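Look for subunit A in each of the two complexes below; its partner is subunit B in the first and subunit C in the second.
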Partner chain A sequence: MASKFIALPKGVSEKTFEAAIAEFRSILGQDSVLVTAEQLAPYIKTMMPVPDADHTPSAALQATTVEQIQKIVAVCNKYKVPIWMISTGRNFGYGSAAPAERGQVVLDLKRMNRILEVDPDLCFALVEPGVTYKQLYDYIQEHKYPLWLSCPAPSAIAGPTGNTLDRGVGYTPYGEHFLFACGMEVVLANGEVLRTGMGSLPKSNTWQVFKWGYGPYLDGIFTQSNYGIVTKFGFWLMPAPPAFKPFVIQYENEDDIVEIVETIRPLRISGVIPNAIVIAHALYEAPTKAKRSDYVTGPGAITDDAVRQIMKDHKLGVWNVYAALYGTQEQIDVNWKIVTDAFSKSGKAKVLTEQEAGDDPAFQYRAALMRGDMTLKEFSLYNWRGGGGSMWFAPVSQARGSETLKQMAMTKRILGKYGLDYSGEFIVGMRDMHHIVDVLYDKTDPAMTKAAYQCFDELLTEFSNEGYGTYRVNTAFMDKVAHTYGPVQRHVHETLKKALDPNGILAPGKSGIR
Partner chain B sequence: PEPGFQWKDGAEVYAKVCAFCHEAKVGPTIRGRGLAPAYITFIVRHGNRAMPSFRAAEIDDESLARVAEYVSKAAANQ
Partner chain C sequence: MEIDRRNLMKGLLAGGALLALGTPSWTFADEPARKAKRCLLFLGDSNVDDRFGNGVRAACAETGYDGLETMKVDGGLLSDPGTLVSLLEQTKGARWIAVMDDASAAVFQELARTAGGRLLSVGSHASVNDQACSLRHTWLTASSAQGVGGFLASRLIAARESVSITESFLNESPATSKPTGWSAPGFSSYRRAGSDAMHLHCSGLSLLEGCAQLGLTGGEGWTPIPPPISAGERVSRQSLQWVESVGYAVAASALGVQSTQEACSTRAFVHRAYNPNPLRPTQRFVSFVMDM
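== the complex of A and B ==
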């Protein structure tokens, strides 16, 4: 007999699941509990090189209130039904909106989307998980608040809660998003509602202004984890500066990354350049202007000669350093002199400002991201190979020139072995780099899909052998990455999990935690 | 509680979601091509290669019907 459901949670019988679904319906109403193949189709599309069946949900629940979520976890505990929580669910390249394990019920909080507070004096926001950057951007514009957002490249359709809970990054001086988080509300597996920091104090008005509260600081254990369901999220917003000066500095040779990083680090650590600078390879920027098929035919990775030709045809450096200055015009003028003096020493750098590069599509979208404007132009990456295959390979590096060159060369060699291109960038923290590489492949091509899987696996193995860890990863490789951080850390994670979620109902498998 | 954000009409969905790719040379032009609403609806829900899928939680069925109608009848891009 065919099942009523397209998948079942691990260890849950159809009969038990039917009973759980009936209870979910009594909480949410008939229309907010999705079980048919047609209703669940949007949750199944991922960009990972594994069968979609591995990540097919059994159902999706559209909750809109904290009370509903408390009742849902009670049902999950009763029937041992695992749920996978998403906010805006636009986690492309990391697993999208699909659950980590086949059969998990997606708790979809997209419709829980109220902007609860934006304070233009103290410069903070408090939002529900379904709020998108675009929604918040429009709200700020309508109210004429002089505040800027920081968002990742999927800007308009992504949101601050989901992005920060996976510790995502943006490109403004507020680009390290979790660093600027302040106060969370979390529904725990036992149904209790925890407010972190100052939020637990009755009558407090400092939830979004002082992060630590009293005693152990808990916010971090609810990021990249499965210890609770975040239902409110506070974070700080950057005051709009009087002036903004984006610029790009281009270099011609791959080993120039050493000089670039050595030049940038003191400027970044001292705050002369305050934002999350990007050092983007030509192949990361090329898709906004060029087609791969115009330069490459047949299998294999793109050649260095073809990359040179693309650089020439489309006015790209092999490295393109996007950064910006913020403040009054006087502040910008002072810092601009420091920046140009530093970069002009060797004579290798080509410095371009809005005057020279303002019409360039790559410069335009980078400038937009560095001021927290909405643009999805970077999705051009997915057209480079086409076919819907993409995984982010994201090792952490010291902000040291020799290290970045070593990581870049390792990545390019391993990708090349599998016929894939190096589309990478370094996002510059103060002392760290998020080395972000888009492993792009054609998911409609079974052989290339298999190669992409093996390639990603080898990248993780080789990098961890060199002591390089990954900051974030797609759902197909979470266990592998968790192992690279060693048994003691895993054991602590599991101990916390057992204490907070003894029935294992919250997103088992997230970050390898069960 | 007070209700959250809801789409006003098809034009708003197009402007605030679709246009970021389909008016920016990331996705193909879709206005002025007389694409069938049923086709548009299918692609939005299932995604298509480089294009992501969109859930009913993001674009509800009624708003999707309206944006599909809007796109199918719209004039070509300027």
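== the complex of A and C ==
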């Protein structure tokens, strides 16, 4: 090896890469082009069951302006050097900040972190990609704007641009984040700057209020894709409601998921419960209160008996339904009656409000997420088994009880075959459910790491065989998931790629697109 | 050969041999960057904080470093990431030795990267209820000059523990005409050449068994590495408890004690203890050496 660089882009010689680095330095300055092992190591560690060496970057660039990015893509085209864009890079179980392929140059946009506009009347924000939720939260607090954010689980440290572009979700009524996106600025591979929607119109002041503009709607092709570099991002903010009532409904048996979903669906579709309801399994919530090794040791998935004991010890249901009501107190009172009437019919549900569960750590962090507050408590999951291995398995299902039961049983069976636990939750969308399972394993154990890889591969295969698509996946499995969506979609994606990025410089491999 | 010998000596001495031999002073790396002017111990409120800290302080005492500052966050980083962000900003130029649980580690690495931290090593450590290998350590290390695995191996092989230590280097040290390696009494060393050259040091088990323990398929392609030194060195029997030993080894590396540099991208140590200690409770943590 003994190269000047810890990795090289595929097909690029050291000499060529050296020339590219020199040009990057002339654009960004010496200190903003990182090439040493110590500088790049923080970008490398992944939670996937593949060697970190497979995802080692050759360099990292820290740009601060659109003009710099335009010059960077020109250099990339000149030398055929691929870049992997990150905003804050907090993808954790979806792949972290590491590039999809060894040798790609990370374009780190963390220093593009200006909050360009927050409009308290029209309730929107326009930000650069490096802005974090915490930064925006503090800004809103400081200005005393009556606005709420919708954050994903890594709220404080993640940012709205990256999360939305990866089609992440939050837990408030604005939880389907891309639904509330409005206007992007995108640097294309040829260096042109596109403003989507109304942003293309000179002097327009409707960029962040009207999504569609004129002609084909383009924003979607810049999500989960590698067709451009988003440098400004607009999205809508939720007006702070006068009242907020979080609650949890606990159920004792795994089969109760059927009743839960059948009860929730009409409440969600009609808007009685307006937020992204979470139906969390006991093992998803237990890590805020306990560790796996408190209950089981040795190989194999955790037993149902142990799960029962955890439920008993920590006052958890096997399913824990977290939701909230928003609005005036009068609206909440009316809707609360509808909710409690619906859930009390079978006599199986145990309904708890802040009054009964306010001190419970699981309830506390869930309530915080449902009001857009900053909390990282969900990542207690990483202490459940320990060892640093995590992959989010994220198939989509219809919001039907029979479907969710089937998915849960399939997942649990496959995980159990490989000795892994079912740490899962369902997030109720408008008519769908995101089934989110954290495949947790010990990366220090070679046998378990191998099993985790095989397990995840089998999950993807079996689910796609049943017609269940995965909506988001870590960088090691993007090709596989892209394949499950069939050749025609893949061909269209590739056709767009060739048209917009003929040299393939932007994040080759993202979502299986090259 | 002399260079090899010195490197090995340094590695063994760093591992505690000096204590056993009654020899004074450690040997430090020559590169200025390897020596920290200001060293901080960050305790992330894991259940190994005290023991890890004891090991760090023991290393500081032996190297004559008396400037160690200790910082501790209550409740871990999930509860209060903001405090860490402030600390990172306030300690520019300092070298951090940090210990925390897995969840905090995920957050720590992200926030340190954002703050411009340069990562010298990150290690994941586990004691598990497993007869085959009760102590497991994996490291990602910027370069072999910052290696930690050899320090730890030299401490732990004296204990009645079965151990595996795997260390990946982002920067391979320049290839030498003869492959050189780490060695200690009872260890056999092997090299697998190639673009991802690996060194494997086995004690108490064969090459094949060592490969199996690390999840490596087959035993082909390995060539023995002859021991680089004459007899005479021995490893300290004054082994610290294992968590303390990790703290000690991490601190030794952070303080700039020269590690044996091996020309490979990965090296591993596997040691099988006979009549091992009784099975121990599961315990895990993550260590970092990071320059801010």
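The definition used in the following text is that the second predicted complex is superposed on the first by the 513 of 514 C-alpha atoms of A that agree within 3 Å, B and C clash if a C-alpha of one lies under 4 Å from a C-alpha of the other, contacts with A are read in each partner's own complex, and residues count from 1 in each chain.
The definition used in the following text is that a contact is a pair of C-beta atoms (placed from the backbone, for glycine too) under 8 Å apart; a residue touches a chain by one contact, two chains touch by 3 or more.
All figures in this text were calculated on a predicted structure; none of them were measured in a lab.
After superposition onto subunit A, the partners subunit B and subunit C occupy overlapping space and clash. Of the two partner chains placed by superposition, subunit B and subunit C are both touched by A:Phe92. Of the two partner chains placed by superposition, only subunit C is touched by A:Ile6; subunit B is not. Once the two complexes are overlaid on the shared chain, A:Arg265 sits clear of subunit B and of subunit C alike. In the superposition on chain A, A:Gln135 makes contact with subunit B only, not with subunit C.
Once the two complexes are overlaid on the shared chain, A:Ala41 sits against subunit B and subunit C alike.
In the superposition on chain A, A:Thr65 contacts subunit B only, with no contact to subunit C. After overlaying the two complexes on the shared chain, residue contacts for A:Met112 are found with subunit B alone; subunit C is out of touch. In the superposed model, A:Thr56 lies in contact with subunit C only, and not with subunit B.
Contacts of A:Lys450 after superposition: subunit C is touched, whereas subunit B is not reached.
Stretch 96-104 is the one of subunit C that runs into subunit B, the other listed stretches 6-14, 24-32, 96-104 or 240-248 having no clashing C-alpha atoms. On subunit A, the surface touched by subunit B in one complex and the surface touched by subunit C in the other have residues 38-39, 41-45, 88-90, 92, 97, 110, 134, 156-157, 375-377, 379-380, 382-383, 386-388, 443-444 in common.
Taken together, the subunit A residues at the contact with subunit B in this complex read 34, 38-39, 41-45, 60, 62, 64-65, 88-90, 92, 96-97, 108, 110-114, 128, 130-131, 134-135, 138, 156-157, 361, 374-377, 379-380, 382-383, 386-388, 443-444.
Those residues of subunit B that touch subunit A in the complex are listed here as 1-5, 16-17, 20-21, 24-26, 45-58.
Residues of subunit C that touch subunit A in their complex: 77-79, 81-82, 101-103, 105-107, 109-114, 117-120, 122, 124-126, 128-129, 136-138, 140, 142-143, 168-172, 174-175, 195-196, 213-216, 265, 281-282, 284, 286, 291. By the touch rule above, subunit A contacts subunit C in their complex via residues 1-2, 6, 36-45, 47, 51-53, 56, 88-90, 92, 97, 110, 134, 156-157, 293, 297-298, 375-377, 379-383, 386-388, 442-447, 449-450.
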